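First chain written, first letter: the chains are A, B, C and D, and each begins at residue 1.
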Amino acid sequence: MHRAALHQQLAPEAWHLPGLSPSNKLICALILLASLAAILETEPTLRRLVPRLFSSLEVVFVTLFILEYLLRLYSVGEDPRYRGIGGRIRYVFSIWALIDLVAILPFFLGFLTHSNAFLLRLLRILRILRLSRLGRFSRAWSALAEALKARIHELLLSVGVAGLLLLFSSACLYVVEAADQPEAFGSVPRALWWSIATLTTVGYGDVTPITALGKVFAGMTAVAGIGIIAMPTGILAAAFSDAFQNKDNMQGE
Amino acid sequence: MHRAALHQQLAPEAWHLPGLSPSNKLICALILLASLAAILETEPTLRRLVPRLFSSLEVVFVTLFILEYLLRLYSVGEDPRYRGIGGRIRYVFSIWALIDLVAILPFFLGFLTHSNAFLLRLLRILRILRLSRLGRFSRAWSALAEALKARIHELLLSVGVAGLLLLFSSACLYVVEAADQPEAFGSVPRALWWSIATLTTVGYGDVTPITALGKVFAGMTAVAGIGIIAMPTGILAAAFSDAFQNKDNMQGE
Amino acid sequence: MHRAALHQQLAPEAWHLPGLSPSNKLICALILLASLAAILETEPTLRRLVPRLFSSLEVVFVTLFILEYLLRLYSVGEDPRYRGIGGRIRYVFSIWALIDLVAILPFFLGFLTHSNAFLLRLLRILRILRLSRLGRFSRAWSALAEALKARIHELLLSVGVAGLLLLFSSACLYVVEAADQPEAFGSVPRALWWSIATLTTVGYGDVTPITALGKVFAGMTAVAGIGIIAMPTGILAAAFSDAFQNKDNMQGE
Amino acid sequence: MHRAALHQQLAPEAWHLPGLSPSNKLICALILLASLAAILETEPTLRRLVPRLFSSLEVVFVTLFILEYLLRLYSVGEDPRYRGIGGRIRYVFSIWALIDLVAILPFFLGFLTHSNAFLLRLLRILRILRLSRLGRFSRAWSALAEALKARIHELLLSVGVAGLLLLFSSACLYVVEAADQPEAFGSVPRALWWSIATLTTVGYGDVTPITALGKVFAGMTAVAGIGIIAMPTGILAAAFSDAFQNKDNMQGE
């Protein structure tokens, strides 16, 4: 196979058709499979059931990822930025090549605890983001990103207001409930756990105020929580509405 | 009664007035009653109270549905696509006729367990969707479907982002909480249960993190949950806004 | 005081200035106070603390409401529809006069249980809706009502979809969890309680699935719950956006 | 340093460049640090770990805030409104100068209980709002405030409807559940705690109805809760959409 054809197959930005090249589709599928295996391997019941399956699978996946890494290293010479030995070294230290490396390394780092190795293996999913960047969703992505950027100050402002509400509601509950429930409301950082569960309307219910005044403040916090949801939703809705209309107008011209 | 009149009464697309024909209104009511009976029959208290009522009702409903099925089979000959013996066979294997059949069969399949028969009987509700397809809501339906279709990439993208968040938050909680709560966070699939309850802001509270670091990650997940709700809501609001305006403009011209 | 002046003071639609007349403002305040007293009276601690206060207050409120009722009956003669004896009888049986009567009667019906009398007394709050109908909020009210009416089919459709989701998710949980948790999921009506708490993202957590398959269905239900919130919110946002713009355009012309 | 330069540094409205002056940036950082210290000091574990750290830090912060207060008092003479002795007295009693004072005083009020002193120290955060008023977010702030003001009647109306729903749902649950759960539903004010948790979709689950009728009302309340969230979100979305478009139009001209 010619190096130019290989480069076209592997580099998403070099592919001449819309969507992903067949090789990159295969690699995406491999990454998803490897991630799924990494996720399932954490379940002790499955590990006991098929003790050798997951380590064998990992050997297969890592072998394929090493092969892919070497092919990328070879074919990237087609890109004028990474030509020659110096270019290859620059490529190895580029952000995406480092992430590609991270997808391989955990296998060789035997001294890692199980859960740390797991996190590194999960980073492989990030590689999909790179490969699919130029796929069918790039227009949708840019529309959403544009809308977010145009209203970033409004969104940050509502985040700031939410932060202040979070702080004041946990401070109120700390002052009111600390004496009765020292474990749950004995300090502001502890009350924050309750406060965040209430303002986001998650409401676990593992910690709830028991004094009358505490319940009054909690009720006000819960009502404020609706504002915390309504505010950014409203801003996003307005921002998306603008972004979609601008896009349609541009296409219409 | 003439076959043509019968066909007009039974086939929703053949009815000449807006809305449903009287026969189809009756059939819709029958389906709702039969579904209600199927639902209430699952309640042991009611089954003990009136042991024979539900089985007698089912005999009545199935008899009526068989009659309806045969009348449809007879009158569908008016439709050029299903004329003659061959046309009738084609009709029997069309998707809606099969669903009509599913509404009858559970009664004769005595070997089914109780709960399986129940699910098949609940499928009858799908028949209402078919009958009401051309009813008063078809314009509303097409407006919503159009809006969803126009922004399907943006919606899928936000689903993808939500999926990644789900995965990373459950992975974080697994790494942090597995040692303290092996039953609830002992693997990523187990932690997913907590993660989905938090990101959707349902927040059952049957499983909550107990370590300080776990609570920090959980708080971040809960805050991200607001984004998970705000994102698709904003996209839908913008999409509906566009769809309604386009419709109004078209009517205005 | 002249009957015409009295009529102007009492009938909200006869008042010549924007907002409420002084008399109706006073009556609104009285209604709010009477409702607050009715609410506080339900608390046993307060009833024990000041045993006679609430019954004395109720005597005062009912006396004033009787006075108001009689004055309305006298002054409504100014309205051409309710002139003369026959007109007064028509007035007594008009909807709002009946509600005014309901605000007085519970006091004289000694045979009512405590909690029934309470509900009737709470109906007094409805009177505020009538009195404030022509107040400052009437424009806002008509804008919102108009938007809801314009998109009523879309809203009903999303309610219908929500109802189907509710039914199918509780049916699934019934089939999967009935054997393990007969008390909570032993029938579809029982499973509905869990299903409604999950789809609305309330998530009490008093009942949660414990089987693996049950958790998978529950997770899907929780995700669908986001759609259940996003759908009507998006429709309302689009409908309000249209309604506000139409109003602004009409004012601009 | 000249008094004019000092005034420019300290008064946010006197600064000639966009954003905050270096001095005010430093003061903002100090306020955040002091607030963080006040928050962390409430945690008993940390107080035991480093017993003297927090009181020493507080001495440093208060010294710096006193210095800042005196410099502001000196330099405010540049402002024509606060010139001379009389102007300085007027300044001391202006709202922001009083808040500045509150940031200092708790330190000297030894008779305050710990938690009261904590609340006063948290008020310092309000000072950031003043300092950042003219910062980069002022345009976003005015856009949001304008949108809220334009639709204030619609928002208040939806708050009123929510209040009525809250009242009626807790009244229903009180009537239905009081006999079975006197502790949680024995009065309307007690039932309000459950009602607010349900209507805001927080759903702690510490109190849930147990009777069948109670569950039916609770289900209806939970469904109404979606409207409670959808209504203001929709209004805000429409209001922001209008506000952003008006702003863009004004810039375009």
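Methods note: a residue touches a chain if its C-beta (ideal position, glycine included) is under 8 Å from a C-beta of that chain, and two chains touch if they have at least 3 such contacts.
This is a predicted model, so every value here is computed, not measured.
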item	value
Pair with more cross-chain C-beta pairs in contact, given A-B and A-C	A-B
Interface residue overlap between copies chain A and chain D, same or different (over half shared)	different
Separation of chain A from chain B, taking each centre as the mean of its C-alpha atoms, in whole Å	31
Whole-Å gap between the CA centroids of chain A and chain C	43
Sequence positions of chain A contacting 2 or more other chains	201-205, 229, 233-235, 237, 239, 241
Residues of chain B touching chain C in the complex	39-40, 42-44, 115-116, 118-119, 122, 125, 136-137, 139-141, 143-144, 192-193, 196-197, 200-206, 228-229, 232-233, 235-237, 239-241, 243-245, 248
Chain D - residues contacting chain C, complex	151, 153-154, 156-158, 160, 164, 167-168, 171, 174-175, 178, 186-190, 198, 201-205, 208, 215, 219, 222-223, 225-227, 229-231, 233-235, 237-239, 241-242
Chain B residues within the chain D interface of the complex	201-205, 233-234, 237, 241
